[in-house]
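Below are two complexes that have chain A in common, paired first with chain B and then with chain C.
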Partner chain A sequence: MTTTLSRRPPSGDRLPAGQRPNAALDLLALPGVGRFLRWRHSRLMLQLPLLAVSVVMVAHAFWGPDLAPKNLAALLTWVHFRGLVVLALLCAGNLFCMACPFLLPRELARRLIAPRWEWPRWLRGKWLSLALFVAVLFTYELFDLWSDPWWTGVLIVAYFAAALLVDALFRRASFCKHVCPVGQFNFLGSTLSPLEVAVRDHQVCHTCSTKDCIVGRRAEAPQALDRQRPAGEAQLPIIQRGCELGLFQPRKVGNLDCTFCLDCVYACPHDNVGLLARLPAEELVAAGSRSGLGVVERRADLSAWMIVFTFAALLNAFAMISPVYALEQAIAEWTGLTVEWPILAALFAVTLLIEPALLLAAAAYTTRWLSGTGESLLAIVQRFARSLVPIGFGIWLAHYGFHFFTGLWTVIPVTQHTVWRTTGRELLGAPQWHLGGLPESVVFPLEMGFLGLGLLGSWLVAWGISRQLAAERTLGGWAPWAALHLAIFAAAVWILTQPMDMRGTFLGG
Partner chain B sequence: MAMSGVSRWLILGCLVLLVACRPATSDVPGAQVDLTWDPAPPAVGQAQLLLRLRDAAGQPLAGGKVRLEGNMNHAGMKPSFGELNEVEPGSYAGTLEFTMGGDWFVLVTATFPDGTSLERKVDVAGVKAR
Partner chain C sequence: MSARTWRPSPARWPRFGRRPLRWPCAALAGLLSVLSVLGSAAAHEGPPFPIVVDQTLGEYTVSVWADPDIGTAQFFVILESPAKDFADRVPRVALWVEPVSGRLPRVTCPAEQQAMRNRLQFEARPVFDQRDQWRVGVQLTASGGETQELTMQVESTPPGYGAWDLAIYLFPFVLLGGLWAVAMLRRSAVACPHDAPIAEPPRESVLRAKQTAPGPVTKFQGSAVREVE
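Right, the complex of A and B next:
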C-alpha cells in the first residue's frame, strides 16, 4: 500500500475544529517504520517472533528446570513481558495486542472452519473479562505463580486454547472484545498512550460510501458465480477485514477497544486512517458516545474495570512486601484459619470491593455537596472513574517497571543456561549469572516518576470531568477526587518504599 | 516396512540429542544435607552457614569442594554464590548474601575426591527483610 497524504483537502485550516485534517505526526507516513506498518503482513511479522518465544516458553515450562529463576517461562512472563507491555503502552501504544501471538492459531483455524455464531448477548461487555482478571490475580497470589514455571506454562497454554476456542466458534474478535483480560488491561493502559489509530481527515469519511474500515472488503464476484447465488447473499470471501471490534473510524474516540491491528488502515480505500500522535489521557475526558463502546461514563462494566484496574494495582504491589504477610498471619491467628484462600479472598474483597466502594462513595458525596450537582452518587462515581486510570496505570508501571529494570539482564544467563541444558554445549557461552539489572537506586526514582505522572494525569482528567459536571464550581467538584488520587498515590509510595519480601509460605506451605 | 536411511539418521540424531541433553551426574546415593544459618532465620545481608554432609550410613562426606548458589524463588533476581571451607570432616562453613527478603532456595553442589558429586536444593523460607 502506498501513502496518499496528498489527497487531503488543502483548505482544511478553514474548517471548524474536529473537521480539519489531523496535522499530528503520523507514524504511517514516516519512512521505514511507516512503510513496514502499512505492509499488510506487518502484524504477522510481529506475531511470529512472539509465537516462537511463546513456544520456547511453553516447552521450557514443561520440560525445563522447575526453578523459576532458571526457567524462561517464569522469567519472561513475570519479569520481561509485563514490564515491556506497560512500557510500550507508555511510550507508544497497544503494541502487545498488535503483536499478540494468541491470535495466530485462531487465524489458522479460521482458514479451516468459519465461526458460525455471534457472541452471546448476555456475555457481551466487560464483566467476564473483569472476572477473569480478578481470577488471574487471585490465582497468581494463591498459587505463587511467579515461582512456578509449570503452572505458568499451563496459564500460557490455557490462554492460547481459550483464544482459539472462542474465536473458532464465534464471529469477529469476540475473544479480544469480551474475554481477554490482558487485552482489557491494555485497552485501559493505552488511554495513556501517545499514539492512536485515527482518521486523518474527517471530510474524506463524509464522502465515503463503502465504510470498508468497519465492514471490510469482499472479493469481486465472477459473473458466473454471481448467477448461481441466491439474491441478497453476500458470502464472497473477505479479502480485507474491517474492524472486528466494531470501531467505526469516523466515530472512534481514543484507544479503548483498539488492538492496533491496523485492519482499518488496510481496509480504507482512501488511505485515510493513520497512526497519529495525540495527547495521552485526553480521551479520558471526552464525553459523549463512542463507536463500539457507547457512552463510557454510563457503562457500569467499564467503570468497574477502571476501579478494579486501579485498586488491583495497589493490591498486586502490596502483596510483595512484608506487611501483607504480617496481616495475613494476624487474620489467620484471629480466625484460626489454617488455609490461605479464605484469607486471601477476604483481602481481595476488602481491597477491590469494600475499600473502593467506601472511598468512591465518599468522594462522590463530597463532590455532589461542593459542586451542587443533582446527579446520583453512582452517576458521579461512573463519571469520575475515568480519572482513576492514570494513577492506576502509574502504579502498574512503577511495580512492573521495578521487576523489569532490576531483572533486565537476567534473561541472558537464563538463555545461556537453557541452551547449555538443551544441547549439552555452551553455544552461547557460560551463563553470566552476575548479570542482573539496573540498581534499585536508579530504578526507585523512575518508580516515583511514574507515580508522579500518574497523579498529575489523574488530577488533570478529574479537572476536565469536573468542568463538564459543574463549570461554575469546578474546584469543588474536583477537590474530593484530587484528595482520593493523592491518597492512592501516598499508599503506592508507602508500598514501594517498603523492602520487597516475596513469599509464598506465610502459613507454612 | 524397511527403514529408510534418512529415518535411521534422524532417529540416531534424536538419540544423540537426548543423551547430550542429560547433564552427567554421579550422585552420592542417600546423602544427608543439613544446613544451619546464623542468624536463623536468615535476614537480608550476609548470613553465616554451616553445612553438614553425611552419606547414607551417617558417615561424614569429607574432603569435598562445596559451592552454594542462592536464588529467590521468583525469577528476575541475580543469584548469590558462596564457596564453603571444610572446618571438620563433613562440615563446611561459609557465608551467603541474601539480597532481598522472601523465600529463597540454595543449590548445594559438592564434588568429592573419589569423583562422586552431590547436588541438592535446600529451601530457605522467609528470609527477613530489613
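Right, the complex of A and C next:
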C-alpha cells in the first residue's frame, strides 16, 4: 500500500501564535535550489568538489612553490576559505559544515566498518574543541602557518585523519559535536545566520509517533522477522539517518550544533522540516532548555567558547599588525628570552584568560549592583556571554573579510601559474599577476559595517537578556555590557586601522 | 510516547517592546555619527600587489611586490633560486626610485633582509611625494661585487579613503542594521515554538538506531514520502 502524507493540518490558521505553522520563507520550497537541497545526494554533490579542491591543495602544499602567495594551499586556506566561511554564515547559514569534505572519508569508512564505541563521557561537551581551537590559533601564530604551505598541508591532512579516526571508532557525529574546532566556530557564527533548519508545523510533530528526525529510519522488516523483538529490529539496516548530533527537531532551538546536513529533512516522514528564514541572533536571547544542548546559559563550556570566540577574534587580528611585533620585541628584550613561544603564550594567556576574566567580572559586578539581582557573578557572566557572540563574529567578519576582499582575484593568477608549472603549458593563459582584490577604499567601510552590525547585535541581545534578568531595571543590567561591547568594538576599530600583514595574499610575516 | 498539549510560555522568549529599545538604538545612532566623520582617521596601508613576478636575474628568480602609497611606500623583493645553498650567499639588495618625468633626482634606499623561515625577502621604504608615475630599479650585488639590475614602472597611489567613500559604503550597513533593529522591535512577545514540551524519544531507541551503517537511498519524492508497507 502506498500512502501519501499531507504536510500540514488544515486547522493551522486558528491556532495561537507559536503553534501556527511557520510562515517564514522556506528555502526547500523554492524551485531550483529547494529541489536540489531536497535531493538526498545534494550534500554529497557539495562535498565532492570541496574534496577535489582539498586534494589539489594538499598536493600543491607538498609539491608546489614554497612561497605562500603562489601556493594554492596557503592562499585558499588562509584567504578564500576563511572569508567564504564567515560570509556564508552571515548571508545564509552553516554552509561549510553542510559541504564539509572531511566527512567523506569517514562515510566511506563507515560503509566498511561500523563504529563500535560511544564517545567517552568525560570528553563530552565543548572543552576539547575549545582547547583545539586555541591550539590551532597558537600554532598559526607561532609557526606562521599563513606563510608556510607545507605546514598548511600538514594541517589539512591532520584534519582529515582526525575526522576519519574519530568517526570510524565512535558512533554518531562525535567529531562534529565534540572535537571539530572549525565546526564549533561555525555553530557560534551561525547563530547570526538568517536561515535555520526548523520544524514547519509543530502540530504535525505532536501527532508524530516515529520521531524519525532523531531516530532515523530503518528498512522494512521481512515477514520472517519477528518485528516485536527490539533486538531483531535493531539488526535492520538504516536507510536514513536521524540527527547524529542529537537535535530533536521539535525541541531544537536555533543553529547551535546544527551542521545543516539535512538528515532530519530526509528522515521526516511528514516532510515537516524546512530550511526557514529567521531573525538573526534572536536565538541568542532564548532561555531554557534546548534539545541536544541543555540550558545554554548554564553550560560553562559553551559560555567559555563564546568568550574565547570573541576575544580570540581580537587576538587573531591583533597578532597581524605592526604593534604586536614591537610588543613581542620589547618583551623579549625585557625578559632576555630568545624564543618566541613563551612570549606568545603570555600574550594568549593575557588576551584569552586574564583580560576577559577582569572585564567580565567587572561587567557582572556592575550589573548585579545596578539591576539589584541576587544572582552570582558567574551566573551573570554565563547569562550575558551570549551577547558577546555578535560583536565577536563582527570582528571575525571584518578581519577575514579584509583578507578575502583584498585578495579576491589572486586565486586566478595562482591557478594559472599552477597549471603552467604542472603541465608546462599555459592552458589557462599567462598568469595575470596584476589581479588583486577590492581597493582599500571599499574594504575598510565593509570592515566598519561588519563591526557596527556586530555591536548592534550585541546590544540587542544584551538588552533581551537584561530584561529576563531584571525586567524593572533593564537599563541597569544592560549598560555595563553595552559598555563592554563598545570597548571591544573600539579595540577592533583600532586594530583594523593599523598596518596589517596581508598573510596569504602577501609575503609578510 | 505521549504527546502532551503545550502552551506557549512567553516569559521564556524575549519581549522587545518599542520603548525599552530606545537606549540601544540611540547609542548606535550616536556611534554611527562618530563613524561618519572617521574619514580622516588613519587608514590601512594599501594591500601590496605583485609588480614583477618570477623575473630571472642572474642566478635568482626575482619577484617584487609593492604598496606604492604616497608618503612612505613599501617594496618587497623576494629571491628564489634552484640552488640549495642560495640562502647562505645573501646578496646586497638596493632599490632606487625616480619620477618618470625626471622632475626629481633618483633616490636610492637600501633594502633590509627580513627574517623569513624559508626564503630570502627584502623590504625597502622609498618616499613618494605625490601621485605620479615612478621608475623603480632593484639592484642585486653579489658577494663578488657583481651588480645586476631590474627596472619597472609603478604609479604611486593615495593612501586610505575619503569621508564620502566611507559614508557611501557604510550606507547599506546602516540600512540593514536599521531593519534588523526594527524587526527586533516589532517582534512581539510570541511564544517560541521551540518551547514545545514534546518528549524526546528514549535514549535507548536513538542509540539502537545508530548501531549500523547507513544503507541505500530512501524513497523521497517531492513534498511527500511514500511509505511502502
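As a convention for this text, the second predicted complex is superposed on the first by the 483 of 509 C-alpha atoms of A that agree within 3 Å, B and C clash if a C-alpha of one lies under 4 Å from a C-alpha of the other, contacts with A are read in each partner's own complex, and residues count from 1 in each chain.
FYI, contacts are C-beta pairs under 8 Å (C-beta built on N, C-alpha and C of every residue); 3 or more make two chains touch, one makes a residue touch a chain.
These numbers were taken from a predicted model, which means no experiment stands behind them.
Steric overlap between chain B and chain C is present once the structures are superposed on chain A.
When both complexes are overlaid on chain A, the residue A:L67 reaches chain B and chain C alike.
More chain A residues lie in contact with C than with the other chain of the pair chain B and chain C. In the superposition on chain A, contact of A:S147 is made with both chain B and chain C. Of the two partner chains placed by superposition, only chain C is touched by A:L475; chain B is not.
In the superposition on chain A, A:W433 contacts both chain B and chain C.
Legend: residue contacts after superposition of the two complexes on their common chain; A:V350 is shown touching neither chain B nor chain C. Shared-chain residue A:A162: touches no atom of chain B or chain C.
In the superposition on chain A, A:W78 contacts chain B only, with no contact to chain C.
Shared-chain residue A:C205: touches chain C; no touch with chain B. Contacts of A:G407 after superposition: both chain B and chain C are touched. Here chain C runs into chain B after the superposition, and of 94-102, 166-174, 202-210 or 220-228 the stretch doing so is 94-102. Residues 67, 69, 144, 147, 406-407, 433-434, 436-437, 498-500, 502, 505 of chain A are contacted both by chain B in one complex and by chain C in the other.
Residue ranges on chain B touching chain A, taken from their complex, read 17, 20-23, 44, 69, 71-79, 81, 100-103, 105, 121, 125-126, 129-130.
Residues 1-7, 16-19, 22, 38, 40-41, 66-67, 69, 110-111, 114, 118, 144, 147-148, 171-172, 199, 202, 205-209, 211, 214-220, 230, 233-242, 244, 246, 248, 250-254, 266-271, 279-280, 282, 285-288, 290-291, 402, 406-407, 431, 433-434, 436-437, 439-446, 448-450, 452-453, 455-457, 459-460, 463-465, 467-468, 474-475, 478, 482, 486, 489, 496-500, 502, 505-509 of chain A are the ones touching chain C in the complex. Looking at the complex, you find that chain C touches chain A at residues 1, 3, 5, 8, 11-16, 20-21, 23-24, 27-28, 31-32, 35, 38, 41-50, 53, 63, 65, 76, 78, 80, 114-119, 121, 159-162, 165-166, 168-170, 172-174, 176-177, 180-181, 183-184, 187-188, 190-198, 200-201, 205-218, 220, 223-229. Interface of chain A with chain B (complex): residues 67-71, 74-75, 78-79, 144, 146-147, 321-322, 403, 406-407, 410, 414, 421-425, 433-437, 498-505.
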